[in-house]
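Per-chain residue numbering starts at 1, and chain names A, B, C, D, E and F are given in the order in which the chains are listed.
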Amino acid sequence: MSRSDHPSGLSHLDAQGNARMVDVSQKAVTNRIAVAAGEVHMQAETLALIAAGGHKKGDVLAVARVAGIMAAKKCPDLIPLCHPLLLNAVNVDFELDTDNCRVLVRASCGLDARTGVEMEALTAVSVAALTIYDMCKAVDKGMVVNNIRLISKSGGRSGDYLRQQD
Amino acid sequence: MSRSDHPSGLSHLDAQGNARMVDVSQKAVTNRIAVAAGEVHMQAETLALIAAGGHKKGDVLAVARVAGIMAAKKCPDLIPLCHPLLLNAVNVDFELDTDNCRVLVRASCGLDARTGVEMEALTAVSVAALTIYDMCKAVDKGMVVNNIRLISKSGGRSGDYLRQQD
Amino acid sequence: MSRSDHPSGLSHLDAQGNARMVDVSQKAVTNRIAVAAGEVHMQAETLALIAAGGHKKGDVLAVARVAGIMAAKKCPDLIPLCHPLLLNAVNVDFELDTDNCRVLVRASCGLDARTGVEMEALTAVSVAALTIYDMCKAVDKGMVVNNIRLISKSGGRSGDYLRQQD
Amino acid sequence: MSRSDHPSGLSHLDAQGNARMVDVSQKAVTNRIAVAAGEVHMQAETLALIAAGGHKKGDVLAVARVAGIMAAKKCPDLIPLCHPLLLNAVNVDFELDTDNCRVLVRASCGLDARTGVEMEALTAVSVAALTIYDMCKAVDKGMVVNNIRLISKSGGRSGDYLRQQD
Amino acid sequence: MSRSDHPSGLSHLDAQGNARMVDVSQKAVTNRIAVAAGEVHMQAETLALIAAGGHKKGDVLAVARVAGIMAAKKCPDLIPLCHPLLLNAVNVDFELDTDNCRVLVRASCGLDARTGVEMEALTAVSVAALTIYDMCKAVDKGMVVNNIRLISKSGGRSGDYLRQQD
Amino acid sequence: MSRSDHPSGLSHLDAQGNARMVDVSQKAVTNRIAVAAGEVHMQAETLALIAAGGHKKGDVLAVARVAGIMAAKKCPDLIPLCHPLLLNAVNVDFELDTDNCRVLVRASCGLDARTGVEMEALTAVSVAALTIYDMCKAVDKGMVVNNIRLISKSGGRSGDYLRQQD
């Protein structure tokens, strides 16, 4: 069976439905890149505070960027069945979307490995978003982290993936 | 100044806009509880696979629950300016919302401390949701983690918070 | 219900059998001490190598002692439902039992907390024992870690415990 | 000298008996697999509680399985002189041996590396066993973790190993 | 004996010279603050690059500040016999000393605990300094981290400490 | 641009000065070795205590050596933009320089990777030095960690480096 012994097709479960770290020893080492994205919705005033910091003195986004990069490295420590991986590169970027009162978060991760790097990119986005929440929650507890999703992946047997309508 | 020396009101920045771990030494130790929630949107077939596992043999949600609980403990290691905290309790629960093709994730965390436990609850929800993504991504790469938000908090000087319209 | 909502009496499961970090907020902070022990069985020659190192130049036991102490601190990171705790003290000691070809490992941990410190002591013993295995496995792959058990605990509502016949 | 500069043959000590992480740069990358096992002895009633959970609602073993898998990934963080390794696969399995009032724990780990994966498998077994202890200690403090041992290893210069009489 | 059973006065060694985590259970919980400092010496051109980033767009110091704050939280994971502690506050600050071609690093940590917070402050300084090295090493491998020292401590039985001639 | 898109030449910053983990996917895997060194200055009496322990019963240096080796493995968890790496070998050595009242610390690290291992060696030296401070601070709070520097590196495109006048 190609990705799983489990009738469900969920590769992290064995034939009895028990969790396992999937055996990737027969998969080839290839270069793999994944891009993920998400958003933090907030009040206009909160976004303005972040924006002000962006060019003068604050560093909400600088701290969130570091948090996201470090979180990508901690992914196998957080997601129980993830394989430990040696990342070649991590980028975390932000865009302030004042029209929609939100910060857009985007992360890309790359490596050469037997398995993909989607979870690292998604973890980087999630932790960067949570860090923005943490740093601004004194003024805006109602912020929402939204739309965390895989944008694209390349490399590996299952082929490339590019999210539609995004 | 009560919560911050920074004119912006962002308590994690000092008067020059530099990041710091906010001094909480003058705050009282009180019992604090926070509840956070989020959702994982997926295809109906993916949700059906999780549901099937739920009563027979799979353990997607059991693994995600453990991941969420452990992540709450790792919060200060992930969110740069979070204080280390001694959690009294962590619960992570799931509800399968088949009408809307999503798994609802909810976490509550409690402790006695000088500062709140919102980030721990939000981190538990985020990592539990990412774990569901990880375990199902072989069959559904388009899943989206959505609407991660604080539902309520109690304890501490800033008073209780209860999210509206949720 | 005093320790659990679960009919089974297993306090780490809620009424539905789901895992949780048990709520200890209603328990008193008391001084608690736990002692655990275990053994590493090996060939007589392996034990002799460790013994030789003990007074001249080797440091198998010095490394294993450090590993055990550090592992006690990592206990909540390893045992999913353990509460994070602030240890007051950790001791790890070894005795060479040449008659029975084994190293006896003993650890004691103390703290002031709402919950006990048994798992920290058991984790310290286990990791110290595994470290001995690691450092000697080049000459003796057949070593066995045995009899890891709680010797005693004091403090807390459930009262003191002293293992019989040990 | 092939595995050690130390007269004792203990490869983790240099010629002066000081600890070091052994240099494996001259060893070939080969596929390596290790299997380890252990047991948790308990009262018949405790085993019955775990067994009941196994098919209805409890998840003692599901939590212990996740703990064991995650612990394999943390092995180099626990065992001081272990090399960091990229695991290809981890399985942790349990068998309820009601005749002897014990849970049998077995873990297998695989990777392609310059050094073996025995410690990862032994660590997975140990932490899975400790997690069972943790989850059941409210009803049975006398449980004993026993007989943690290497069952087999393959790959690498030192050849295959298969434990006798097991 | 007040701080140690060891004739040497080294409190981390027991009467046999073995390492242990010193028992602090009899010490009072008091507010404690420690300040540490250090320096990174570099070429004038390297310092100019950091300085340029300081007001326009670079963030060498922002990244180093986050690294230092997070490292303070990891101190018990790094320094084997350190007690786990709950930090109330961490500040890491930098000063560019162009006359002497160096960046001055200073960290202060505070908490309420049974033992002091000197190691957390020293760890924050060391890791912040190493991060500066890491980010600039592409242009200046000869940088030196110097003069890492305790500036002051307050709280605790051993009394206050203020470094002379600094 | 060969090492950086950033006009400054600081490879950890992108063209906008934002932090990133530099993409090393186009660099060759080569064997790389780095040696770093540093010193801990102390009172003559403190050095005498360490020296006494060195041949009889104390283990200040044994504990510091383990701390340094383990810290090398934690480098990517401490230094935000460091790549995760698989170390082949780590050595940490000490020399007691009684003439100058200091302990010399030296670490070498080796691996096969796309990027260098300087930070691992510097981190090992720093944490070993801090551990000596920690274990002796009860008798000598004025100790200073000094002169942490790269001694040599080999392997990789940027060529070998050997520190002058050292």
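In this section, a residue touches a chain if its C-beta (ideal position, glycine included) is under 8 Å from a C-beta of that chain, and two chains touch if they have at least 3 such contacts.
For clarity, every value in this text was computed on a predicted model and none was experimentally measured.
*Asks:* In contact with chain B and with chain C at once: which chains are those? Just list them.
*Replies:* Chains that touch both chain B and chain C, as defined above, are D, E.
*Asks:* Keeping to the contact definition above, tell me which chains border both chain D and chain F.
*Replies:* A, C
*Asks:* Under the touch criterion given at the top, what is the topological distance in steps from chain A to chain E?
*Replies:* 1
*Asks:* Looking at A-B, A-E or D-F, which pair matches B-C on over half of its contact pairs by residue number?
*Replies:* D-F
*Asks:* Check B-E against C-F and say which one is joined by more contacting C-beta pairs.
*Replies:* Between B-E and C-F, the larger count of C-beta pairs in contact belongs to B-E.
*Asks:* Which chain's mean C-alpha position is the greatest distance from chain E's?
*Replies:* Measuring from the centre of chain E, the most distant chain centre belongs to D.
*Asks:* So the centre of each chain is just the mean of its C-alpha atoms; given that, what is the distance between chain A and chain F in Å?
*Replies:* Chain centroid spacing, chain A to chain F, equals 31 Å.
*Asks:* From the C-alpha centre of chain D to that of chain E, how far is it in Å?
*Replies:* Computed from C-alpha means, the inter-chain centre distance equals 36 Å.
*Asks:* Hey, how far is the Cα centre of chain E from the one of chain F, in Å?
*Replies:* Chain centroid spacing, chain E to chain F, equals 16 Å.
*Asks:* Tell me, which residues of chain E touch at least two other chains?
*Replies:* Within chain E, the residues that touch at least two other chains are 18-19, 59, 62-63, 66-67, 70, 74, 77, 80-81, 85-86.
*Asks:* Which of the chains touch, listed as pairs?
*Replies:* A-B, A-D, A-E, A-F, B-C, B-D, B-E, C-D, C-E, C-F, D-F, E-F
*Asks:* Could you list, by residue number, the parts of chain D that touch chain B in their complex?
*Replies:* Of all residues in chain D, those touching chain B are 59, 62-63, 66-67, 70.
*Asks:* Report the residues of chain E in contact with chain F in the complex, numbered from low to high.
*Replies:* Within the complex, chain E contacts chain F at residues 3-4, 6, 8-13, 16-19, 38, 49, 52-53, 56-60, 62-63, 66-67, 70-71, 74, 77-82, 118-119, 122-123, 126-127, 129-131, 133-139, 141-150, 153, 161, 163.
*Asks:* Which part of chain E faces chain C closely enough to touch in the complex?
*Replies:* My answer: residues 14, 18-25, 76-77, 80-81, 83-86, 113-114.
*Asks:* Help me check something: in the complex, which residues belonging to chain A touch chain F?
*Replies:* Within the complex, chain A touches chain F at residues 31, 62, 65-66, 69-70, 72-74, 85-93, 110-112.
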